[in-house]
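Each chain gets a letter, A, B, C, D and E, in the order it is written, and its residues are counted from 1.
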Amino acid sequence: MTHPALQGIALSRRYGGFAALRDVNLSVPAGEIRGLIGPNGAGKSTLIDVLSGRAKQWSGQVLVDGQDIGACSSRARRKLGMARSFQRTSIFPTRTVRDQLELASHWDSGSHVDEVLAQLNLAEFQHQPANELSYGDQRRLDLALALIGRPRVLLLDEPAAGLTMQESLDLAHLLRDLVKRWGITVLLVEHDMDVVFSICDRITVLNLGELLVEGSAQEVRTSPLVISAYLGRNAA
Amino acid sequence: MTIQLLNGLVYGGLLYILSVGLVLIFGLRRVVNFAHGSLFMIGAYIGYSVAVYAGFYAGLAASVVAMAVLGVLLDIGVFRPLQKHDPLLTVLVTFGMLLILEDFARTVWGKDYISVTVPPSLSGNLELFGFSYPLYRLLVIVVSLLTVGGLSAWLRYSAIGLYVRASSADAVTTGMQGVNTDRVSAIVVAVGAALAGMSGVIASPLMALSPSMGGYILVDCFIVVVVGGLSSFGGAFLAAMLIGQIHNFGIVYLPTAASAIPFVLMIAVLIWRPNGFSGKSSA
Amino acid sequence: MSGPATHSQREVTTSGHARFVPPAWVLALLSIGFGLTLPHLVKGPTTMTLLTQGTLNALLATSVGVLIRQCGLVSFGHATFFGLGAYLTGLLLKSSGLPTGLVLFLAVLVPTLLGFVIALVIVRLSGVAFSMLTLAVAQVFHEIVLKWRDLAGGDDGLSVSLPSTIIGLPGSVFQSANSMFVICWTTLSLILFGLAVFSRSRMGRLVHAIRDNEERARFIGYETLLPRALVFAMSAAIGAIGGTLFFLYNGFVSPDLLHWTMSGSALVMAIVGGAEFVVGPAIGALVFLGVKDALGNLTEHWQAIIGVVLIVITVGFPSGLAGILAAVWRRLTRRLLGDRKIAKRSSVRTVEGKTQ
Amino acid sequence: QDIRVGVPTSLSGPWADLGNQVKRAVTFAANETNAQGGVLGRKLAIEYQDSEGKPEVARKQAEKLALSGNKILLGLIASGEGLAIAPMVERWDAIYISTINKTDKLTGDTCQARVFRVNRPDAADAAAVRPWLASRKEDKWAIMANDIAWGRNSGESFTKAAQGLGKKIVSDNYAPAGANDFAPYIQKIKDAGANGVWVALAGRDALNFAQQAKQFGLLANVTMAGVSFVTDSTVATLGDTSRGIYGIVNYSSTLGTPENKAFVDAWRKAYPGTEPTNFEGETYIGMQVLVQAIKAAKSDKPADLAKIMSGMSFDTILGKQVMRKEDHQLEGPNYFGIVAEQGGKLRPVIQTTVPSAQALPAPDPACKMPV
Amino acid sequence: MSLLSMRDVDAYYGRAQILDRVTMHVDRGDCVAVLGRNGVGKTTLINSLLGIATVRAGSVEMDGKPCLKIRNFDAAHRGISIVPQGRRIIGALTVQENLVLGAASRRKGPWTLSAVYDLFPVLRERADTSGTALSGGQQQMLAIGRALMANPELLILDEPSEGLAPVIVDQLIDMLNALAKSGTSILLVEQNIAFVRDVVKRYYVLSKGRVIEEGPMDGVPIEKLRQHIAV
């Protein structure tokens, strides 16, 4: 039996008295793009924090390829092939774009800095310090830092936010392409439904820190629960 | 024992009035003001000079006003032009101010020490729980309590308190909301400097005036500010009182290590709760 | 020797101009050569003494500066390592009977290890909290040497008559300004060269990135505590080297050397010189000492004038003296090499025709 | 060509007031000598540098002075400053005349051929205490001293003297230099039931202590005595607070020798309204010694001066005094006095004179003068 | 007369020119969008009104009065209120304090604390937590609420729909429409074209710092807008 690439069991996280995540189970098979949606404050970013080792007080189990990595630091998780992007852009403001991508690649020539620069339209500012980029460009740099070095499991927190429509679609294609070529596994948090519905194999919906629905794009799109809690008029 | 407790309160109270100005300025400008000790010193000298002619209270008033004006000038002339740069630069400028003010005092008031006596109306002792204690020292405690109360009320119940906290976190955004951050900062620095001046005058009957007197107390203030949590007024009060007591009882019970205890305390507190104190500052 | 240029000697600056930066080793060699010839050019022993003291201060300022530049950490307590280096040299020379070479080695090694251990605890903090912590640690050491009357002489300080030969050289070599200047200057040049190389190395870039955003550095797979602790230890080592040389030259050390005001002036020198440049702190130290000395001869009010100079430099040139030099250099080379703008993506940038 | 004298002293920092006095006395002496045509027909030229009261700076400034031709050095204040330059003077081919440094070491185990001292060392102060203490009836003493080498020494030698006389030390307190608040110490002394306090505090610390002791009523109830405590400047600053405090006096303008009277008169003319303070007097003695040595050596070369000064006898405002060969310490009396009114002015008034033979302990055998 | 008009504005960050002779205006009760791909200068356009980017040429007028050298707090007093890109929530303040701060210009109007809480009930629930302890979308709501607290005459929103759940975006559309109806002018920078179409009356397209296209929104096919933005 093969293990799911990414698995979370009974994940919970509290902020003081407030439970942001309650007993959430999640299992993403290798090579899948899993959408993670839900209203604001549903706990999506919190879930990513728990999976990626950023959260401090949490409970449950996190497994990658069946191996329990709950005790691993965020650094160790990256070494095991897990990478993430941030909803609040997290880059190295005074370093140039290229420099920080080289850093993120650990100077491994196999990680194709130039390729990533090209894929994310960042090549033209590779020598500019990151704090001189526009917001959207910084968002793409944040994503590039996660993509570099061919992670096996990619956790993306609203990567298309702040991008133009065209770029969001390019990004969607890129992700699908990477999954196909490298066989990576993606957990994608996104409010842009065009992106989510166009590339996600399955979608998990969170609400109030709990699992609401999980299913194929079609199932989620038509679920009355999801429509009322999240999609609103946009449900087509 | 009781008297030693009171002694601790007096020193703590004095430290508080001086430190709270440091906290105010730090909170707003993210700057550790090295010139604060010098403001204390100049305040004491001005108070002394005026008091010679017009009495202690006039000296106090003159010093407070003069220091407030100096505070405004400091803010406009130094802090504001540098606000877009690394706070470290401003720290450096306050260091420069310190040198200038010390030299100024040496030139104007001379190098000899000056000793100020307690104003006659406040001299004498008060009988208290069967002990007698200098009245002036009791007043120092009272004034520090009033300062805590007044400042907390001002910052909590007037809008300016919110603006101070907001602009210290993010001046640009606060400005976008319609807060004149320049004015807020001038007021705050003026109040901080005035408090330094006030504590200088209050301290002058307790310690001899000299151009370098600011340096002796500055480090104690740093400890208070840091242990108290950098931009917390209540924290600074507790820390000042704690340092006051530690200072006293250290001398009584652990004389050989007394001068190192506050530093050890500071190290312990910082290691125990670094996040509570470091915030997002980078000075 | 500034900026993160790699082997390519042209660097893109924010304003989009090419800049010619000679390689660090060339500068280091030039600098050492300069140091060797200077004693032959300068007349009168006073200038050489001043330069020697200035170079020793430059080592201290550099040790503070490297921490700011690489880690963004501002230490108010680096005089500790300088002072400990000096005290250890003195104490070991006085009473250990060890060979001088070993003494010097230990005098640098012990503060370095101490720095490393302290750093493991304190570099977790940043900002003012870090600064105040260094201040507190430094004051505790200051208290120790101050109170340690039997061994360290308390506030009277420790003076030791130096042995007649030190690491195979006659002791007088270390005590004459002319020869000591060459030793200190060469040491400084080598250290600066090392720092320039370090800041371009992977480790140097990593530490700098951690300074920018520690959390992200962890999430791209780096350990972040150890590299910072290493840099701290490195800066402690530079301070200790300075302290060791200080003792060899002066034969005396007192607790004042460990006082926070000493750390404070080192910080002033580092920032006035431009802490964002490798050579900045050293320049700051030399200029600061020179100005102070010149003013001290002129007027009793040197302190106020220093204060004014300090304010003028900081307000007028926030990037420090090295920043001014860099700007002048940029202008010079631009004139020599022609105005080469790096073409940028946006056409907006190239409408610069009407910018000036 | 002038005879050049370098004076590194505290023009800023915690000892700035003393530095000021040094400067006044040196200037006075130089003017006096120059008005008489100088020495060997040459004028004295003085150069000052600020030592900031820090040993490192003192060393740097002294070096600068010496290497730029001012090979005769005097005027340093803190003991640490003196100790910092002592091992260097030989290297600079200079000579140092200590006028205020008190540490025994300077003429003790770290004595140097080129270093001379004209003022009284700590040991001489300690020796002056015993006769006075024997005459007092207070039996329970407290010590209040600076927690630095000088304060510790003084406290320890006082303890020895007191115990030798069958008196008790009921509380000993050492405050860090620069302490602001003496209230806890004062309370401790009160609680211990002392009827006498030995104070070894200097400068600002002495003032702070006295002022606060008065507020707590300590001054009124116990006998206070000290070293460096009743200097002319503390008395001037403290005013009436200082009345009745006893102390060791190293020099006083009230001394009755004819040389001193002449000196005080001339001083009054030069600085109207003032009289020389103890530090000014001691510094002046240093200048007297220097001028006479130059005359005797017919040279201002440090080597010549050092040679002739060793063992030479000088006419000073305190009378004839010999520079001991063994440790280069000038022999001389020490005094004990009280703050009282004299000539309509509050000042330290000398009560007991301790002659040189009694005041100055024998040379430290650890001092090995190279011949 | 226009509430806000910019004529031939050149704006810089340091020495880098970002805007090149930009001319645009917002009338009273108008609702205008600025479109364009990443990095063309949309945020800079807003920043040049606040003095964050330097305007070196051209004129900016508000209510017919020049406001080139305007300080950012004056902008608020004149009725300009901003939802900045990246939200700029002050973490040192609680949610409620952030909102109260928004009312610092003390302009009277329908937007009060309780009105904002009614619009975004989740903010009321978390009123006492630190502003940055909110989720991304909640912070966006807070930024919008804070801007409303000033009862602005001109509301500037820089990508307000970023990070908001689709249902909340719907709500935002309704709110902006109601606001425009009540006479508030709106300047909207947005990537979400569907959102823009539902709200604005006119649009400008920015490319490389220049206005390359402008016109009324009515009847413009979405494909054409997309093409513009892809430039």
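Definition applied: contacts are C-beta pairs under 8 Å (C-beta built on N, C-alpha and C of every residue); 3 or more make two chains touch, one makes a residue touch a chain.
Note that the coordinates shown come from a computational prediction; the quantities given were computed from them, not determined experimentally.
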Practice item. Select, from B-D and C-D, the pair of chains that is joined by more C-beta pairs in contact. Key: B-D
Check your understanding: What chain is the most remote from chain C, judged by the mean position of CA atoms in each chain?
Key -> E
Review point. Quick one: which chain's Cα centre is the longest way from chain B's?
Key: A
Exercise for review: For chain C and chain D, let me know how many angstrom lie between their CA-based centres, rounded off.
Suggested key: 39
Exercise for review: Take the average of all CA coordinates in chain A, do the same for chain C, and state the distance between these two points in whole angstrom.
Suggested key: 43
Exercise for review: Let me have the rounded angstrom distance from the C-alpha centre of chain C over to the C-alpha centre of chain E, please.
Suggested key: 48
Practice item. Could you give the separation in Å between the centres of chain B and chain C, each centre being the mean of its C-alpha atoms? Key: 33
Exercise for review: Specify, in ascending order, the residues of chain E that touch 2 or more different other chains.
Suggested key: 16, 39
Practice item. Going through chain B residue by residue, note those that touch at least 2 other chains and give them in order. Key: 102-103, 215, 259, 279-280
Exercise for review: Could you check chain D for residues that touch two or more other chains and list them?
Suggested key: 12, 147
Review point. Any idea which chain C residues touch chain B in the complex?
Key: 68, 72, 74, 121-122, 124-133, 135-137, 139-140, 143, 147, 260-261, 264, 267-268, 271-272, 275, 301, 303-304, 306-311, 314-315, 318
Check your understanding: Quick one: in the complex, what on chain A touches chain E?
Key -> 15, 37-42, 44-45, 87-89, 132-137, 140, 158, 161-167, 191, 193, 229-234
Revision key, fill the gap. Seen from chain D, its contact residues with chain C in the complex are 11-12, 49-50, 54-56, 59-61, 63-64, 67-68, 79-80, 83-84, 86-88, 91, 103, 105, 110, 147-149, 152, 177
Exercise for review: Give every residue of chain C touching chain D within the complex, in rising order.
Suggested key: 44-46, 49-50, 53, 146-147, 149, 153-157, 159, 161, 175, 177, 250-252, 254, 256-257, 293, 296-297, 300, 302-303
Review point. Chain A touches which residues of chain C in the complex?
Key: 4, 12, 14, 202, 205-206, 208-209, 212-213, 215-224, 342, 344-345
